[in-house]
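Shared between the two complexes below is subunit A, which has subunit B as its partner in the first and subunit C in the second.
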Partner chain A sequence: MEELIPIIKKALEQVDVVLGWAQSPAAGVAVPAFFHTPAEADAAVFDSTCAHNLAVYLPRLADKKVGIVAKGCDARSIAQLIAEGAVKRSGVFVIGASCPGMIDVKKAWRCFGFGKQVCDAAGKVAMEGKTVAREEILLWKCRGCRDPEPVICDVTVGEASSEAPAPPAEPAGIRKRFAAMTVAERRQFWQDQFSRCIRCYACREACPLCVCRDVCTIQAHEPGWAGAAVDSPQSWMAQLIRVNHLAGRCTGCEECERACPVGIPLMLLLEEQNDVVEELFGYRAGGEAKPPFLTFDIKNDTWDEER
Partner chain B sequence: MRFIPEENITALLLRLSENATVWAPQVVRDTVNTVLFAPWREGAEIETGLYSALPVKGLVLPATERLFSFRYHRAGEREKIEIEVDELRERAAVFAARACDAKALVTLDALFLDGSGRSYNDQHYRARRGALTVITLACTSCDSACFCSSFEDGAAATAGSDLIFYPVSGGFLAEAVSATGRELAALDLFQESNLEKPPLAETAKVELARLGQRLLDKFDDIDFWRRTAEGCLSCGYCSYACPACHCFNIFDEMESDRAGGRYRCWDACMFYAYTLESSGHNPRPEAAHRYRNRLAHKFSYFPLNRGEFLCTGCGRCIRGCPAGRDVRDVIKALGAG
Partner chain C sequence: MLGVFICQCGTNISATVDTGAVAAAAAGMRGVAHAESIQYTCSDPGQAAIGAAVREKRLDRIVIAACSPRMHEATFRRALERAGLNPYMMEMVNIREQCSWIHADTGEATMKAVDLVRKAVARIRAHVPLQGGKTAAVRRALVIGGGIAGIRAALDISAAGIPVTLVEKSPSIGGNMARLDKTFPTLDCSSCILTPLMVEIKQHDHIELMTNAEVDDVRGLVGDFQIDIRRRSTCVDEEKCTGCMICQEKCPAPAPDDFNAGLCQSKAISVAFPQAVPLVASLRKQYCRRFNGGKCRLCQKLCPAGAVDYGQEDEVVSRSFGAVVAATGYGHYDWTGSYPTFGKGLYPDVITSAQYERLLSASGPTGGLIRRPSDGAEPRQVAFVSCVGSRDESAGRPQCCSVGCMYTAKQAILTKEHIPDSQSYIFYIDMRAGGKNYEEFVRRAQTRYGAIFIRGRVGRIFPRRGKLVVMGTDTLAGDQVEIEADLVVLAAGLTAAPGAGELARKLNIACDETGFMAEEHPKLRPVEAAAAGVFLAGACQGPKDIPATVAQAGAAAAKVIGLLSRGELETSPMVSAVNPSRCAGCFKCRDVCPFGAIDKDRLADGLVTARVIESLCRGCGICNAACPPGAISLNGYTDKQLLAELVEVLR
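What follows is the complex of A and B.
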C-alpha cells in the first residue's frame, strides 16, 4: 500500500505524530510504529499482519494532535473513546485503511516458528514454503467482519476490497466445545483457563477501552476486590471485573486475547457479553449511538490518566 | 560421555516422578500451541521445538507463594500472633529446560542464597532450589528472537543445570554438571557412548561492549527514552517471562477476621504502581522512566554491582511482546560500544 506513505507525510503537516506500522526485521511482520517526521514515515507499511489496534495509544497521547492509521474495527474503538470523552475528535486525524482481514500472527509463528516472513497473496498465506488457506489463519473477528469500512475517518487509503469478508465461521474448536458446555462444565473450564493467568495485565494494557490503566481496580489492594495471590479464582475474579467494566464499551477488537501470553480465550467472555448488550439494548459499542449505560461521568472531559 | 536412547526417556521421567513432580514443556490444551512447563504424566507429549511462554524460574520463585500463615489469638489480656511457616514438602525436576533458563537460575541463586551477607538468604527460595533437579536440553537450533550467543557460553552454557542432554541420532548425549546429574547419568537407562556433541545454535548477537556506560550516558536524555518506550504498553509480560527478572511484592491477605496469610507475588517494574509512593508521588510516572529502568537494571546497574548481565538472551520478551517491541533495537540505538 504505497499511497499510505504520502498520506502520512501530508498528515504530519497538521499533527504531531502518526501512529502506524513498520516492518520488524526480527519478527518478519509489521509492528506498531510512531512517525514524527516525514523521513520516518518512509518506513510505514500496511499489510495483513497489522493486527494491533493502535487506538490503545490515543488516551495516552491526549495532549497531542495524533494521526492514526485505522482499520474498520480500530475506528470503532476510536469512535467509542470519543463518545466516552477519553479522546477529542479534534485531536485525532483518522487515516482509514481498507483492511484485507488480519492474520493471527501468533498462530502463524507457533505453527511455523517466530520471525518467519509472512507472504499473503491470492487467498493463501505462505511462510518459508509452507502454505495454509487464508481463512484458516485469519483472526476470529475478521471472519464475517461487520466493519470493513471505518465508522470515523478523515481520509481513506487503499481500495475497498471488492471481495466479501470471509463468512462467519461455524463455531469450531474451543467455541464449539464451550457452547455445548453445561454451567458446571463452564465453571471448570474457566478455572482451568485462569490457572495459567500470571496477572501481567497485558489484556488490560492492550485494550483500547481499558482507560483506567495505572489506577485499575483489579491491581488495587484497597479495596481488594481481587486478591493479590495469583491463583485461578482471584485471576478469574480480576478478569470478570475487567470484562464487566467493558459492558457496552467493548468493540470486540480481540486485542486482549491476542496479547495474552498464556492463550486464555478471553473473547469467549467478551463476545458473550457483547451479544447480550446488543440483544438487550440494540447497541454495539463504537458506533454513532450514545452508549446506553456509562459507568462514569460523561460530562467530565478531563480523563486523568496517570502519566 | 553417557548416552540415553530416545526410548528410555519415558522410563527416566517415570524414575524421576517417583519422588518428584516432573515439569516439562507441553502445549496447553485448547490453545494454538501455547507452550508452558507443566507437570508431566505418562503419555503426555513434550514440546521441545517451540519456546515456552514462561521460563522455569516459577519453580524456584513462583508467581505466588504463601510464605506463612498467621492467626491472632487472645492470651489473657494480650493479643498474640501465631505464625506458621509454610514448608515445602515436594521435590521437583524440570525436563527439557533451555540453557538460557538454567543459567538464569544461577543469577537468582546469587541473589536469594548469598551466604556472604550481601543479600538475603531466603528460606523459601532455598527450599525450592534445593529440591529442584534441572535437566537441560541443549539447543541445536534457534529462532530470530534468540540472542544468547551475545553472552558468555551462549547455547553451550552449563551453569544452573544438573544434567545436559545433547540431541544426537537415536537419543541424547548426557553431560553431568552436578553430583545430582552424575547420579542420574549413572542409571542403567544410560550407556557409554563415543558420539560427538552436535554443533549448538549460533544466535543473533547484540553489542554488549560498554553497554552499561552507554546506558548511563543516555540516562538523562528523557526524550530518547520517550521515543524508545512510545510503543510500550507498560504491561508486565516481559518481566514475568524473563528468566532473570526477580522482583516481588509482599501482601497480607486476611482469610477470616482473625487469620490470614502472607504472600510473595511477582511484581514488575513496568507497572505504574511499582514505584508509586504512599504520598502519591511516583518517581517513574511515565512508561519511558520504567522502560529505562528495566533496561538499565539488566544491562548497567546489575552488571556494575554483580559482574553479570541480568539477561541471558532467551528472547521471550521479544517473541511475546503484545506491541512487537525488540530490546535489541534499543541496544542498537544506544550506539556502538
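What follows is the complex of A and C.
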C-alpha cells in the first residue's frame, strides 16, 4: 500500500507524530512505529500483519497532536476514547486504512517457522511450498468483521471495503468446545486457563481502554479485591475485575488476547459481556450513542424501558 | 478495642431475639472487648452504660445493635461524643425493623442478629475517625408558594431578622385561602383575615416577593442552596403598573378566570383579583391576540403608566439560600373522569365546592348572590355531596380530604344565611369534626340552620324538569332517597398541587403515594423533608385546614430560624474523597455525578486528578461505583469497609 507513505508525510505537516507500522527485519512482520519526520515515514507499511491497535498509545500522547493509521476496529477504540474524554477529537488525525483482515501471526509462524517473512497473497498465504487457506489463520475478530470502514476518519487510504471475510457458520476451535461445556466444566476450564496466568498485565497494557495503567485496581493493596499471588483464583478474579471495568466500553479489538503470552482466550469473556450489553441496552462501545450508564438522570424518575 | 451493645428495646427486640445470646456471641468475636445487652440503650441509663464501658475498658469503637439508624443514629453519635470518642466510630445494626419485627422464630431471628452484628464488627474494624467540616450558612430563606402557609412562614422567619424570598407561581399571593368566602368554625371572612397579611408581605423590608416565578433548578445543600428562580414574562413592568385595570377593561381577548374557578371569563391581560398582591396586571400570551397573529396593541396604547412591554422575556435569578420552605399547597381533584354517573361535568348546575365558594363570595362573579350557573336563578334546594374523590376505593382515592365535612357544613350555613327560605341536603359518610369547636359548628348547621344530613353515598345525578335529581342511599333509614335540587355542590377531594412532584424532585425530597410531599417522620419530624434544610408547611405535606396550616408554617419557620441562627452548620463528613495517588484522571466520576460535585485538580507534578467539592457532594456513592481504579471512596463506606462486611456475610 504505497499510497500510505505520501499521506503520512502530508499528515506530518499538521501533526507532531504519526502512529503507523514498519517492517520488523527480525520477525518478518509489521510492528508499530512512530513517525516524527517525513524521512522516517518512508518505512511505513500496511499489510495483513498490522494487527496492533495503535489507539492504545493515544491517551498518553494527549498533550500532542497525533496522526494515527487506523483500521475499522481501531477507529472504534479511538471513538470510545474520545467519548470518554481521554482523547480530544481535535488532537487526533485519523488516517483510515481499508483493512483486508489481519492474520494471526502466531498461527502463521506455527505453519512456516518463526521470523519467516509472512507474505499475504490474496486468498492464500504461501511460503516455501506450504500453502494455507487465509481463513485458517485470520484473527477471530476479522471473520465476519462488522466494521471494515472506520467510524471516524479524516482521510482514507486503500480501496474502500474489500469484502469482509464471511463470518464462520458456527464457532470453531476453542469457542466450539467452550459453548458445549456445562457450567461445572466451564469453571474447570477457566481454572485451568488462569493457572497459566503469570500476572504480567500485558492484557491491560495492550488494551486501549484500560486507561488506569499504573493505578489499576487489580494491583491495589487496599482493599485487595484480587490478591497479588500468581495462583488461579486470584488471577481469575483480577481478570474478571478488568473485564467488568470494560463493560459497555470494550470495542472487541481483541488486543488483550493477542498480547497474552500464555494464550488465555480472554475474548471469550469479553465477547460474552459485549453481547449482553448489546442485547440489554442496544449499545456497542465506540459508536455515537451515549453510554447507557450516562443516561441516568436523577431528576427524572421515569425510566424509559424502550430505550 | 471494640464494644458491642445489644438493645432489647423493651420487648420490641427481646421478644423475638435472644439478646443475651447475641451479646455472648459478640463477646467471642475478634477485637471485641466488651459486649452487653441493655434494656433501652437509647435511654439515659443506656447511654450512661456505653460511657462507662468506654472509660473502663478503653473502647475506641462501638457497635450498637438496636433500631433503625434513622431513629437513633444521631442519639448514639452524641453519646459517643460525650464519652470522648469520635462520633463516627460507631456502627448501628438494625435488629428491630430488619430482624425482630419481621421474624417469628426466636432461634432463626437470633442467628440472623448474630450474623448482622458480626458483619458490623468486621466493618467497624476498618472505621477511621471522621471530622465534619463547618460551613457558613447563608442567612436567607426561600419560601416556595404564597398561600397562607407560605405567607405565615415568610412573616415568621423574617420576624427573626432573617431575609426571605417568597416565590409564587401565579400573579398574586393569597393562594386557595384568598378564594374562600368565610372560614369555619368561626365564620371569619377569609379575605378580611388574609389580606392584611398579604399586604404585610409586600411592605416587609426583609421579604422579597417574586410572583409569576418558579424554581428552575436547585444545587448545593443545607446552608448553601444555589437556586435558580425563573420569573415568567408577563409583558407588564411590575414597577410601573399601578393596577388601574384599564388594560383589563379594554382587552378584547377573553381568557379563563382562574381565580373564580372557571365560573366566568377574564381577559388575556388582567389583574388576578381586586385584592391581589402585588396589584399589577399580567398578560397571558396564549390568549392574547397580539401573540396569536393579531395586530391588537390596545393595552400598550391605553396603559397610562406605559407598563406594557411585549418584548419582556423570562428572567432567571440565581440566589443562595440557607434553607427552603416548601408551601405549595393543594390542588383540586378532577372528579369528572371517575364519576360518570354524576354527569361528567356536563350539567352546569353540578359544581364543585371551590366554585360554590366563589358564588358565596362578595368578590365573586355574582357579587355574593347565589345564582346557579345554568340560568342565573336563585336555588331553593341545594344538595351537597361529600367525599367525591375522597374515601372512595373505587375511584382509587382512599384518603380523607380532612376539610370536606367542615366546609360543607359551613357552606350549608352560608346558603341559609344568603337565602333564608332555602333547604340544604348534605350526603355524608361520617361527619369528621375533630377540631376545637368543630362538632358544635356542625351541630349548629343541623339545628339552627336546618340542614338535613343524609348518611350515605350518592349513586347518580341526572336532570329532570329543570331540576337535578340526586339519587342516593340513606344508610341510617336503610332506604333509597331521591332529592330534587336546583344546585348540586360536590365536595371534591384535595390532591397535591400541580407540579409539586417536579418541585420535590428538584429539592431531592420524597412524595408519598398520594403525591403529597413526605415528612421525615410522622410524629418526631413532621415539618422536616427528607433533604436537610428543606421544610414543609401546610397542605403540600397533606390535606389540612387553615389552623393546622398556620401552625405548621410557624413550626417550619421555627426550624428555619433555629437552623440559620447558628451562623454555621456542621457538614456531614460522609462525602466522597479522592485518593490522588490512585486517581487515573479518567473523570468517569464527573460524568456520572448528578450533583456536579467533581472538579479537576492539577497536582504539583502536573498530573490531573479528580477532586470532590465537598459542599456539593451528597454522599450518594455513584462515583465510587464508576471509578475503575477505586480511587474515590465515600467516607464511612470505603471499599475496605464494605469488603470486610461482605466477606463476613459470605463466610
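We take it that the second predicted complex is superposed on the first by the 286 of 307 C-alpha atoms of A that agree within 3 Å, B and C clash if a C-alpha of one lies under 4 Å from a C-alpha of the other, contacts with A are read in each partner's own complex, and residues count from 1 in each chain.
In this section, a residue touches a chain if its C-beta (ideal position, glycine included) is under 8 Å from a C-beta of that chain, and two chains touch if they have at least 3 such contacts.
Here the structure is a predicted model, which means the values were calculated and not measured.
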Does the superposition put A:Ala26 against subunit B (first), subunit C (second), both, or neither?
-> first
Q. After lining up the shared chain so the two structures overlap, which partner does A:Thr217 touch, if you call subunit B first and subunit C second: first, second, both or neither?
A. second
| Touch check for A:Gly91: first (subunit B), second (subunit C), both, or neither? | neither
Exercise. Touching A:Asp104 in the superposition: subunit B (first), subunit C (second), both, neither?
Worked result: first
- State whether A:Tyr201 touches subunit B only (first), subunit C only (second), both chains, or neither. first
Touch test for A:Pro38: subunit B only (first), subunit C only (second), both, or neither? neither
Between subunit B and subunit C, more residues of subunit A are touched by B
Examine A:Gly287 and indicate which partner it touches, taking first as subunit B and second as subunit C; both and neither are also allowed. neither
Overlap of the subunit B and subunit C interfaces on subunit A comprises residues 213, 215
Residue set of subunit C touching subunit A in the complex reads 505-506, 508, 581-584, 586-588, 591-592, 594, 626, 628-631, 638-640, 643-644
Per the touch rule, the subunit B residues reaching subunit A in their complex are 28, 30-34, 36, 50-51, 53-54, 63-64, 66, 143-145, 204, 227, 230-231, 233-237, 239-241, 249, 251, 253, 261, 263, 265-266, 268, 271-273, 282, 285-286, 315, 318-320, 322-326, 328
The residues of subunit A that touch subunit B in their complex are 24, 26-34, 36, 52, 56-57, 104, 106-107, 109-111, 113-115, 173-174, 177, 193, 196, 198-202, 204-206, 213-215, 219, 221, 224, 227-231, 255, 258-259, 261-263, 265, 306-307
The subunit A residues in contact with subunit C across the complex are 84-86, 211-213, 215-217, 220, 222-223, 225, 245, 293-294, 296-301
